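As structure tokens, here come the structures.
In what follows, subunit A forms one complex with subunit B and a second complex with subunit C.
Now for the complex of A and B:
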């Protein structure tokens, strides 16, 4: 079942179109930075972007900072929204369930497929950004001692690669939380668009509430609260506090919303 | 239905677990106020490290030269700090996409700004504006405790801070001139290091300023943690003048009086800028030029509750009072501190009456 879903994902032209659209923004930013040599003012713009003119090896992280707040979750919300509601809308869900496959397995296969999409998207963005960073952007601070951490200490290249991989893994986990919410809404909504919009509404509300002091009591529960904590992996020493909290919060979202998706889908009266 | 019950029960359990961690009750301590005062004073040279959050409700005017101060007292700031002693420490202000570190060694401070990719060294001036390192709980508490006697303290209930039950101590200003109603300090029962400090203005329900550890260790940090080597490609610059207060103190050709509103000038402020009083009753008087005074005057004029006359603009923000003398187009004296409005007005009168102009330098 999982294999079938993965093959379907990889063969679907829309998968690659969506990834290309996500990738287009960091590519455009890299080209503009390389052509104009004008970076964002210090303290403005996405994480690490002001540093990439001096050090192109940081561009995969800057690209992550560019796509993580909106593009990537939007794509995940659309893909997750499609999972069940899309099949129902096309009238194929009934036929899927006729096969000797349990609903739980179908749900798991759908989640694995969404996660495969996330992994593909993040890896493509990171790989493209690495190439563009190396070819187009600066390499002033790349020396025998390597680039600098956010705290100003030198990082060796293996250290930078290790931390970058951790950051990519963390971003993927954050998107797993989004996927779980989208999958749950996909078991409820009649249309995939409704499920995707519902997921995005939750994320936009979370981002907005984070800026509001009056919503302080909710901060610890908001899904986007720790998304940008991957920056803490580049401090010296690494600040694990928010990263660990982010991991636990995302796992909590995954458990709760996958559980809800499972409870709803198992008892759902499928007619489409 | 049974499946939904499992999901709902699991969700409630998770929410309760997250909420419960934040609401663990604090174990009360029977240590008296005098003993706590002795402990907190004895811990002033103690080493420590930790993760700190400050939260200010003081909406100060945002003008060039003072914007960092406004952010420090009016917003939430998160920091990591490693403290050997008063001479060797590092305080890192954590920003969403960067970090600004202050690394102190002897009588110099190095400032690392990741977003500007810039390292700057400066000597410690006699007078300067507040910075992040002044607001970490042990340093803030030490400042508030100056001049406080055993008669000015009382016990308050313990509070769970940084994972420990911290006994609390209330400090009441010994002087009637202070605009602070009280300051509360909770300290680590093991080391006596202050873990949380709240400053309350007269008549306010919530604190005007809070500084607290979220994570704390009383172990001595390693030498590496309080050190800094500039990264490859970065040349360390040198700042002759740290901020507007330092500049005025070095170059303004005026001397403020030795005593204003009944408060003595601090021995360390023997040039153009005067610092008066101490602890919870402290005020600074800075002579500023028209080019800095005018925008500040305009900003003050737009602040809620401003009291403006032809020759004076005054604002009270929580316990912090600000008075700027002079009319539009003129320089003036900027007085700021935790003094009552009447005391600040008296201080402004005294500064204007008794300052000595040294002539052009």
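Now for the complex of A and C:
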């Protein structure tokens, strides 16, 4: 079943359109930077962006920093919202279930497929960003010892690669949290759009509440609270506190919402 | 002769909130039947079918399909059941073949080695073998219906559960599907056919169940239902002559037609002709399924409005 879901993902033109749209933003940023040569001042703007004018090989990281906070979660919300509600609306859900595909197995396959979509999107973004960085942006290393961490000290290439992988893993976990919420709403909502909008509403509300001092008591539990903590992985030494809290919070979201999705789907009357 | 039970339900009930969609239904479908499940739109047919397939969970009651309890044993039961519920459905951006391949690969028992040949066989049976690679989006309603049927046939099921399978087909298409289903039935497939079309059920089925407002008001062999009524219908221009000739056994008459209580149509014919009656037509009266169904439905006696 997982294989079938992956085939469906890859064969769907919408998957590639979405990824192209996600990819367009960092491309635009790269072109603008290259043409104008005006970077954000250090410490402002998206993470790493100020450094890329000098060192183009950092652009993949900067591109992910651009895409992760908004574009990617939106795409995940849509894909996850589509998962069950979309099949139900199309009428194909009943044919999958009587094929038979077990309901638990179907949920797992859908989750895997959503995460495959995230990986695919991240890979495409990173690859285009790498190419653009090498072609359009600065190619002298900031210092002789290699690129600098956010804290200013130098990092060796293996260290940079390792930290990038950690950051990617962290971002994936954040997206898994979004996917769990989306999947849960997808088992409830009648329309895929409803499920996607519900997921987005939660993310937007969370982002908004984070800026509100009166919502201080909620802050630690808001799903987007630690999303950008991946930047801390590039400090020297690594600032683990927020990253670890982020991991625990996302795991809690994943467990609670996947559990709810499973409980709801197992006892659901499929009448579409 | 008792044949093995294929579908058996006891007190099957489904409530959606305060509405009782299916009310204590006891279905009994035997191996080799073409079972016609008849009922108006909204009588609970589709809900019953969905319960049989484990899509909708029953509020109460037991179900056995192919001799095993459902929905608990779906893993064993469903691979041997082919079904079409409320029209076919497919991924619109993919071709019919690719849709069948995906659904085949999704579940157990869809061997990859013979997938291509099984798909070709199913498509041939439903008359879609020569279809090109256009996406299902571009299919006509009839083609979609055929594709849905091909999906149900893909793993050569022992039981076919079909909900309104001829929807959207033209008369030739309906004829073809009817022939296909009867062919399959001859080779051992039990067919459970749900429909609101009396004629469809009457032409195909060996056994009927009639659902009325969620209750099974009738379940019997079609042949028993349609047994002769013991009356003979006579059409003639000489109605008055017949009435004087057969005084006492004429039960109904109008200007061109009489109903006579008589068990021997041939003898009656000879007698009328001898007496000089011009007979246009003469035949033993049979109850139509429609009569039976209307009678059973009226007897259920729980309608909200008056009978006109």
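Everything below uses one rule, namely that the second predicted complex is superposed on the first by the 265 of 272 C-alpha atoms of A that agree within 3 Å, B and C clash if a C-alpha of one lies under 4 Å from a C-alpha of the other, contacts with A are read in each partner's own complex, and residues count from 1 in each chain.
As a working rule, a residue touches a chain if its C-beta (ideal position, glycine included) is under 8 Å from a C-beta of that chain, and two chains touch if they have at least 3 such contacts.
Here the structure is a predicted model, which is why all the values come from computation and not from measurement.
After alignment on the shared subunit A, the placement of subunit B and subunit C results in a side-by-side fit free of clashes. In the superposition on chain A, no contact is made by A:181 with either subunit B or subunit C. Look at A:90: by the touch rule set out above, it reaches subunit C but stays clear of subunit B. For subunit A, the partner touching the most residues, choosing from subunit B and subunit C, is B.
When the two complexes are overlaid on their common chain A, residue A:65 makes contact with subunit B while staying clear of subunit C. Applying the stated contact rule after C-alpha superposition, one finds that A:1 touches subunit C and leaves subunit B untouched. In the superposition on chain A, A:267 makes contact with both subunit B and subunit C.
Once the two complexes are laid over each other on the shared chain, residue contacts for A:9 go to neither subunit B nor subunit C. Contacts of A:100 after superposition on the shared chain: subunit C is touched, whereas subunit B is not. Shortest separation of subunit B and subunit C in the overlay equals 14 Å (C-alpha atoms, whole Å).
Overlaid on A, the two complexes show subunit B and subunit C touching the same residues of subunit A, namely 267. Those residues of subunit A whose C-beta lies close enough to touch subunit B in the complex are 42-43, 45-48, 50-51, 54, 65, 140-141, 143, 145-154, 220-221, 228, 231-232, 235, 237, 239, 241, 252, 255-256, 259-260, 262-264, 266-267. Those residues of subunit A whose C-beta lies close enough to touch subunit C in the complex are 1, 3-4, 7-8, 11-13, 90-92, 94-102, 267, 269-271. Within the complex formed with subunit A, the residues of subunit B that make contact are 3-4, 6-7, 10-11, 14-15, 18, 22, 51, 80, 92, 94-99, 101, 112-117, 119, 214-215, 225, 228-234. Interface residues of subunit C facing subunit A in the complex, by the touch rule stated above, are 16, 47, 50, 53-57, 74-75, 78-79, 81, 83, 85-94, 98, 102-103, 105-108, 151.
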